[in-house]
Every structure is written in structure tokens, then in C-alpha cells.
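Got a structure for you, questions after.
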Amino acid sequence: MNTFGKNFRVTTFGESHGPALGAVIDGCPPGVEISEEEINRALERRRPGIHPFSTRRKEEDRVRILSGVFMGRTTGTPLCLLIRNTDARSSDYEALADVFRPGHADYTYQVKYGIRDFRGGGRSSGRETVARVAAGAVAEKILSGRGISIRSRVLEVHGATLPEEMEREIADAARSGDSVGGIIEITATGCPPGLGDPVFGKLDALIAMAMMSIGAVKGVEIGDGFAAARMRGSEHNDQMDGSGFLSNHAGGILGGISTGAEIVVRIAVKPTPSISREQRTIDTAGRETTISVTGRHDACIVPRIGPVAEAMLALVLADAFLGRQMLRSWVPGSMETL
Amino acid sequence: MNTFGKNFRVTTFGESHGPALGAVIDGCPPGVEISEEEINRALERRRPGIHPFSTRRKEEDRVRILSGVFMGRTTGTPLCLLIRNTDARSSDYEALADVFRPGHADYTYQVKYGIRDFRGGGRSSGRETVARVAAGAVAEKILSGRGISIRSRVLEVHGATLPEEMEREIADAARSGDSVGGIIEITATGCPPGLGDPVFGKLDALIAMAMMSIGAVKGVEIGDGFAAARMRGSEHNDQMDGSGFLSNHAGGILGGISTGAEIVVRIAVKPTPSISREQRTIDTAGRETTISVTGRHDACIVPRIGPVAEAMLALVLADAFLGRQMLRSWVPGSMETL
Amino acid sequence: MNTFGKNFRVTTFGESHGPALGAVIDGCPPGVEISEEEINRALERRRPGIHPFSTRRKEEDRVRILSGVFMGRTTGTPLCLLIRNTDARSSDYEALADVFRPGHADYTYQVKYGIRDFRGGGRSSGRETVARVAAGAVAEKILSGRGISIRSRVLEVHGATLPEEMEREIADAARSGDSVGGIIEITATGCPPGLGDPVFGKLDALIAMAMMSIGAVKGVEIGDGFAAARMRGSEHNDQMDGSGFLSNHAGGILGGISTGAEIVVRIAVKPTPSISREQRTIDTAGRETTISVTGRHDACIVPRIGPVAEAMLALVLADAFLGRQMLRSWVPGSMETL
Amino acid sequence: MNTFGKNFRVTTFGESHGPALGAVIDGCPPGVEISEEEINRALERRRPGIHPFSTRRKEEDRVRILSGVFMGRTTGTPLCLLIRNTDARSSDYEALADVFRPGHADYTYQVKYGIRDFRGGGRSSGRETVARVAAGAVAEKILSGRGISIRSRVLEVHGATLPEEMEREIADAARSGDSVGGIIEITATGCPPGLGDPVFGKLDALIAMAMMSIGAVKGVEIGDGFAAARMRGSEHNDQMDGSGFLSNHAGGILGGISTGAEIVVRIAVKPTPSISREQRTIDTAGRETTISVTGRHDACIVPRIGPVAEAMLALVLADAFLGRQMLRSWVPGSMETL
């Protein structure tokens, strides 16, 4: 299943070392102004090589809009966004053709499909997220036109919460051929109430799916999240007065529907599985061996996950926004803050 | 959106105080032996009143299978599972017709739909989960026939990890007209490798959606979850030898596909929002008021969420199992542990 | 797949001789006034026994609304519509447990599922359409509130086009233990332009699917249909002037999107396969045998298909109407007749 | 909605005069041998200019496989098939920017979206079908590996049934600046029983949708189709003996499930709407005008629709085949001809 969304449907395709990656957006409303330059700016934020200790792969990551835009505006027909792979050194990966890298999808893809594109992880590579960011840029354009803005920040790297400590954690890990994970917070402000649908289309359920679909993410929480499990109802409930909610423990969502308050999401990112330290593993014939993953890898993927998580939140919100439009024109006076 | 799943599709319906709740299962394979008694046993586990401090509403919660089963076996046609409401005292709720209970979906439903069934929370009531548990019982029957079993246990209540401490936390909260939340772990053993699909159909992404679709859940994690954010790659990666994985930090899923190891999920449950302590709120006209939610409410919903979370995991796994079957008969020799 | 629609999603369930049949409607907008009486009136039109030569099975066919309606109005949550089977004489069908009736789904269900509810055709019975008509009544209520009305009429029975000739054809067939088919035209007036989506969501494509999903239907055409194949472009094109379209050869749809003109659909209904004349067939063990289908069967199902076809058209249009609403509130000034 | 299928999902994108058209196939099973050359051969069959009287646009129509294939075989990840537009003379169409061509989607797109790519019909152009044929080539490769083959033939052109008469009809129409339609029969042989699902996933319902989604198609029939409406049950029913069905009036489908007999579909194709004869129409400001559509157009589109209809049938059957696989490995001994 390579499609995400119900109203604003994004299908991604492409492998790490194939000719190109891309996304098709079906359901994008007409009249949205969008240019390749705007999408390129979003791609620039997740690009390898702009963070210290980041992968040294140097991709241009420039998008071509192949369809769905006419004279600078979307037409209501599907957009195909294409990003060509230019710096894909497949030869680096020949050695990995027959061995499973720990913490990667090599083993599970081999078992499931009986065949896999082993070059750089193929479809399971983090490089796939370039297509999500491109599609997310279109979603963010729609949302920003409605006053909704999305941001992310790194809260923790390997437990460190201060920038200089985070950098030291990454440097320490890199030096010892290891890697570290971290926590990111993603927020959306300006969301109107009424986004999301009961029961299985809850906004928080869709956000959780969206975030967990990012390869390295192992946990998702909304509002107070796991801390809520250690709170009492009187602490956690968001009381109201005439001016609105007096707190936001819920993270902007009640009963799966946005309240109008800021939407607050946090995700746990595991340490990059590609490390140069020797690890035990098996090969495709089931024989025991060891592996040291060399090549151009991030010692910490956390900073680059931020733009991807923002893109995924944008996809969820654009989809929910369109769903809300459907009802809004149906029910006079609905969807307004009381 | 009241439907969950792609291959094993479950649609639930019904309100807390309407005539009945239920689920329609579309895509259930033929030949599965299932009886009303088996489903009733599953319903019994989530029933109000069987835990101390649980709601005193006394529902029979007995299912009728209205379709899809012939001579004790499923026929491949949709099953309708119906549970009638018998002890629904709507009069308790008349007072709540015009006021929004903090922490509940009252406000967001009113804003979104301009109308709501205020009796006991209507569709947003936890009572909706009775239909999920009924459908989950059918899914679990399918899975158990393939050697897969699902369990849950309460890890924490308001920070307490020992049973007697948990009970004291609940009792303390109840005495002060308050409530507490907690953490539940759900596991599945016996899962074959190959469950789940890249990229947006990842098994962990679907599990996250499934869990977060339960009203009170505010966080989901897989395997080491948030703890992974504080680990190094060399600690978190699950190395392999000829006998399989040497650890299970990943929680049984790599690249969104099951590895064959135990699937491990944890969820954060918020404290029950219905508390008798006075809280500030507004009414449907936007006027400020206060509310004290009386009636038959759980001071801690955590123990009753366990069977619901198990049911949701069963729905995800049954769906993924059917998807895996499709490929398995396609690719000779695939899907077997190497 | 027992669900129809994308925005207005209808899932039906139930077998001819099970306890009940029904439909769950997910995505019904809030605020629609609907009562059991209104739905019952729609059911009455397709009821067995109200047409001459119709099946003598006497069903009450009364609906219960189990959810989704509060104080006479829909709430935006799923409606479950339940119709109990009251006059299901299963004993009539015991003889058919092991033999395949020609022209029925007995053989294909047995081959596909390895098990089937043989009583009255089980799920493949025309009785399943009672659930479609119930759901269609809700869709028609939505549409009529927007000025859209749907009608059907029998154009032909066994080639006869005059009512008295049609009746004679049916009587002749009945007398000789045989059956006859016919052609029905279904029209929708008052449709605004803008219903339907390119490319695979074309309004005519969805109508074709909807109509062909009715058991006895073997052909569907829109506007001039098959006659268009024998026309020239200059005859078939609908020219326009300032007052609108000057003809309606297209049947109200261009490029898969409604034009605002009347939507015109015709369907071919095959002769009822249940006939008392002896036919050759095989049994479940593959042995040759003969069969004479006795019992309470229509010699001509055509008049009873009309309300079902109307219901299916209503489902398609309600779904498309909701999709159109989504865009309409997006694009100022769109969707109006130029 | 630009996606077709449930298991084998095809999303198309692209406009007549944009940079490229293409298709993304999601759900293609792994291990299928496929090359650009094979797809190009399929594209060649629908190419403009290879039939007499066909459009003189000279497209290369060569596909690039951008993803999902590794070392000549599919990997289970999405295939992106890209066809660049090379001979798109947009300048021909500037004159049509403000006027609606009769019989085309110009009017409905303008009304629905408030914006349209007017160059050659944009998304609503017949050129979009090049992407369907490319995806269909992959589906046909899957099917042919299982012994299923699909063919089409032109039965009628403007009523003529003999080849030389058909050519004369086309020539006559071309000479008078007009166009003609026709009827095509598409058949699939070698289909196993068990393809298709009740109730809304009936194989014939999906075929009807697939065919009617082709722009010029105004009617679809299965087996005897509209002729069945003039038959008696005793004529239409396909009786059986130990060797199988004794006739095939049903066109290979009973109760929406394939019987194992040949699948027989016929479609009605309207005359090409682009004609040079003067027609009345309006412009985007609602002013009356006349139009004579010049340029490179087919006087008869029928021969070129054949490969498109074959492709659509291949998509339906590949999808149904995968669905059948899911059940087949579930139910031992099912799906075999009795």
C-alpha cells in the first residue's frame, strides 16, 4: 500500500538507487498556485548534507511537475512530482546483496517478496521520504492559504535537550562508529475545529499512522501523551471558559476531532541502524556472518526526520480539511468556533 | 469513517443509548467456525461491572449473528454482529444536553455536526468499543487457528506498577471524585514473518492507527518505543545468528513487516474524563458554567481498555494475514522464515 | 466487497433465509430528516406480491433504524437499517442443497467459497436488494431536498412495449413454466452540473457499476447508448446555445461529469433463471441430473428491478453530490451553470 | 478519482499536452518479468497513425520504467511507467481556450473546476489512455503467465459489419467532415472460475465500470446483454452436464463470479466528437458562437479503442486474480472446476 489519504491521496514510488522517485497527488483541489521552486525549497530542508554529521550523498533533489498544473495553478487533475536520482553509487552496495543489515528491512523484504532491490535499501530506504516531502509541500501550500502552519523541532538527541549537547552526542556516536536517536515535536497552529472523523478516521489515529509510517519512528504521542497515563482526570481535562480552552493537555484533539487549539505531536526516532561497528547477522542462505555498514550514513537521522514529519502532518491535515469542507457546505453555520 | 481494514473490513455502528450497537465484517474468509457463545465470552471480558471501581451500568452484552454464518461456519459473506442496549438510562443524561463535558467529544461533535446524540456521549461513548470487541473475537478465531495469540496486561496505573498499588491509586482517585490513567502492553506471539506492507501500509503504522482510534489512548509505541530515542544503534539493532534474532528491541517489526518475533505494543491511556469534581465549561450557547459529571463512571478505564486493544490488534493482524496469503500463493517459497 | 461508495458508503449484509438483512450507511451528512415510515414506503414498492405474477413470498419488509438518527434527524454517525426475514420457508430449499440451478450463482459460490447457504440463494438472492432499497431511500431523501428526483419505467418486456402486451408476455411465460426479461429506463432530473470525477470516478462509470451489480442486469447504456454506435458525430453531439444544450444524446454526462441535463440510463434485465421447465445440470459431486425449480418465483422480475435500479442511482448521485460539495466550497463561483 | 482497482491498483496522471503521462501500479506481485520493450509493443497497438483515417499526431509513445523493477523482474514495490509527450502542438489549440467543443468535456470541466488545461482536452483527452495501455501491458503479462488471454475485435462501424464496408463508412464520414462510432467485442479466455466478489465487487460490475470509464463508451453488455431482455429463461439459462456449461449466454459470469467459460463483453463507442462540420456552441462567457474543430482527429476512434478496452479488462482480471489468490490459499481445494 503506497497510497496515503482519502480525499487528498498521495501515492509514492521509487527506489533509493533507481532512476527516479516521485509522488502522484490525486484529489488536489483546483486553483492552488504552486511552482517547482516552492517544492524545491521544501526538499532543500530534508536534503542530505546540510546538517553536520549528515550523509555525504549529494543529491540535487530538484522536482519536476509533470502534470496537474496549468499556467501556475492546479487544475483538479493529478499532479505527478518527479525527483531524479543523480548521485546513486550502486557499487557501494554490491557487498550487501546477500547479507541482511541489522535494524533494516533487508530481512523482511527478502522473506516477504523473495526478491529485493538491495541497492541502498531500495524501496525501504529513507530516500523514499523525498517524495513525501514534495507532496507535503503542496499540502502545506493549501493549508497556509487557510491560515494553518506546521513546524517541528528536535526536543532530544540521545537524551540531550540542549543544542550543543545534542551535537556532542552525535559527534560521540559518529566517532565510535555508532548512532543515536531522539525525539521530535511537530505542531500545527491555526487549525479550525472540525478536522477528523469518528470512529476509525479520528484525526489522532491518522496522525499516528502517518508518523509511524516513517521508517525510523517507534513511538507517537498526542498532547500530554504517555505523561497523561500518570495524571489524574482533574489535571488532564482541558476546562473551558468563554474565551475557549484553558489548557491544551489534549493536544488539540477531542474524540478524534480538532478543537481549534494547537495540534501537538511527538515522535520517537530510533538510532540510525547503519553503523560501522561490527554486528552479527546472517546472509540470504541463512549462514552466520558479521557486518560493518560503511558508506555515507547519518550518525543521527533526527534532524532530517523533522521535515518529513511535517510533510506527513500536512498530508493528514489537508485530507481532513477537504473532508471538513464537504460537511461545512452541507450544514449551515457548522464548523465555527462556538 | 467507521470502517477499518482493507481485506478484513470491519464497520461499526451504534450509539451508547440507541437501540443497538454492532459490527459488519466484510472479507471474512469462509469456513471459520464461530458461535455467538465464543463472541459473548470476549464481550464478557470488557463488560462493565466485572472490575472493581468499574461503571455500574449492567449490560447483558449478548451478541446475535445476523448473517454470514451457516451451519456454524462463515460463508465468505458479511457477518452482522448485533448487541442490543438494555440498560440505557437516558434520563441520567438530559442534564448534559446543553453543556460540554471537559475531556469529552461533546464540544467537537457539536461544532462539526451541529447536532449530537448527547445521551451518554452517543457515538463517541466508550460503549462503541463493544462492537470492536465482537468483531475482534472473529479475527482472533482466525488468528488462533493459525497459531497466533494476543494478550494484554496493565503495566501502570497512575505510575503504580504493582497490582495492590494500582488498586489503591484507583480507590484514592474514586474517593476524591477524580480518575486515573495508565499504560497497557499488548503482545502477539506466533506471527509469521511477512505481515504488513510498505510504505503506508506498514504493520506498525496500522497498529498505531488502530490503537489511537480507541478514545482514551494518547500514545502508542512499538518495541522499545520512546526508550529507543535514548539508545545507540549498537544497543537497539537486533542482531541475528542462525537461530534467528538475538533480541527484540524492534518489537517484531522491521520496515513495516513482521519479522516472526513477538509483536510488542504499548499504549498510554488518559484518565477517564468523567469526574465528579467541579470543572469549568461552557454550554451550547457559549455561556460559562460549571459541571460535575455524576452517574455510573469508571474511576479508571485502563483494565477495560485491554480487551479493546487486543481486539484492535487482532483486526490489524487478520487483515495483514489475508494480505500475506495473497502474495504467498503467488511467490513459491516466500514468507517462510529463512 | 459489500460496500458501495466513497463519500456516502453503503455496506449491505444478510441472506435470503437468515434472521435479517440490512445496510449500514457511513458518511450520511447530519441533519437529514428521515423516518422508518419513509423507508418502509420505498420498501413497499419493491415488495414481493404487489405486482401480478410476482413471487408469492409475503414479507413484511419493515425497517428498523438502529443507529445514526436522533430526534428524527441524522447525526453524521452511521445508520444501521435492519429488515427482519419473517416468511422464509427454508424447507422449500432443502432439495437444492446439492444441485446447481442453471442461471444462478449456486455453482460459482460453491466453487469460490467451498461452502454456501443454499436456502433461497443465500447472499446471491434478489432478496439482498431490500437492503439497497432501504439505503437508497435515505439517499433519495438527501437528493430530493436538493431538487433531484429519480424515476424508472419499464420500456420492454420480452420485446413488448405496450403494457397489455407486456402482461401477456409474462402470463404466457408463466403458463409454460418459463420466464421473460426486459428493459428499464432510469432517469434523474434536477441534477446540477459538476457531479462525477475524472478518470476512474466518472459518473457514468459508477452508474454502470451500480447497475451491473444488480444480479439480473446484463447491459447498461447512457443516453443514446448502443444506438450512438450507429450515429454520426454531427447527429450525436449535443450542441449548445445561450439557453443550454439543444439535445441530450449524451444522457446528461460529458467526460464523466454531469452537464445539468437529465441523466438517462437504460438496463437490460435477463429472464428470471428460476423456471419450472426441466433443465440439465450437475450436483455438487459433479454428477449429471435435471432440475425443475418450483416454489414462489416471479415469471418476470423486471417490474421489481425498477425500484432497485432507482435506489442504486440514488446511491451514486448522493455520493457524487457530497464529493461536489467538497470542491464547491473550495472554488468560489464554481459548479454553477454558465 | 484517478485510481482503479483494489489489489492491483493503477493510478494514471498526465495531460494531452503536458510534459508526460504515466501510470503508477501499486500491488503488482513480485517476480513478474517485464521490460520496456514489451510495454512499448502494447503502446504501438493504440498509437495514432497506424490505422487509416487515424489522427496524424505522431507520438513516439515509448515508456520508461522508473521504479519497481530490478534486474528485469518486479519487486512488489510500485512501478512508475512514464511516457513523454513529444509531438504536442499546443498552438493548434489556442483558439479553443474560450469555447466549448460539443460532445467534449470542455464545458463540464470548466463548470466543475473553474479552470482547465484546454490544450487538446487536457486530462479528458483520449491521450490519457496511453497510460492505461502501459499499465494494462503489465496486467496482461501477469495474466498470460496464468494462461489467460484477452482479445478484441471491431464488430460494427456505423452499422457496417464487413471490413470493407467499415472502411467505406469511415471514409464517407471523413470526406463530409463528420465521424462515426461502432461496437467492439472484448473476450478473455482461460479464466479460472472464482474471479469476482459479491455484492458490489461483482466481476461484471467492475468490467462495466472499467469500460464506461473509457471516454467514448456509452454502453456495456455482458454475454447476450441487451438481447437477453428479449429472451426467455429457458433460452438464456446455460445448462450444464458433466463436461461443463452447454452454452455461454451469461458471458462467463454468474452471480458476479467467473464460471470458467469465456468472458464476453461488448461496448458501444460513440462517434468522435471532434468534427470539422460547423456546430453551435457557447464560449466561457456564455456567448453563442459556432465552431469547426480542425486539427489531427480520427474520423473513427473505434479501432484505437480496442487496445484500451483490452487493457481495462486486463486490469479488472489481474485485480480479481489477486483477490482469488487470497481466498484460494485459505480454502483447501476451492476454486477448482468441479
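For clarity, chains are labelled A, B, C and D in written order, and residue numbers in each chain start from 1.
Here is the rule we use: a contact is a pair of C-beta atoms (placed from the backbone, for glycine too) under 8 Å apart; a residue touches a chain by one contact, two chains touch by 3 or more.
Predicted, not measured: the structure shown is a model, and the values here were computed from it.
Contact with both chain A and chain D is made by B, C. In this assembly, the C-alpha centroid of chain A lies 43 Å from the C-alpha centroid of chain C. The geometric centre of chain B is 36 Å away from that of chain C, both derived from CA atoms. The distance from the centre of chain A to the centre of chain B, with each centre set as the mean of the Cα atoms, comes to 25 Å.
Listed for chain C are residues 1-3, 12, 30-31, 76-77, 109, 112-114, 123, 198, 327, 331, 334, each touching two or more other chains. If the chains shown are joined wherever they touch, the resulting network links each chain directly to all the rest.
Here chain B touches chain A in the complex through residues 1-4, 6, 12, 100, 102-105, 107-114, 123-124, 128, 156, 158-159, 173, 178-183, 193-194, 197-202, 204-213, 215, 218-242, 246, 250-251, 254-259, 268-275, 277, 279-282, 284, 286-288, 324, 327, 331, 333-338, going by the rule given at the top. By the touch rule above, chain B contacts chain D in their complex via residues 7, 29-31, 76-77, 198, 322-323, 325-331, 334.
Residues of chain B that touch chain C in their complex: 1-3, 9, 11-15, 18-22, 24, 26-27, 30-31, 64, 66-68, 70, 73, 75-80, 82, 112-117, 122-123.
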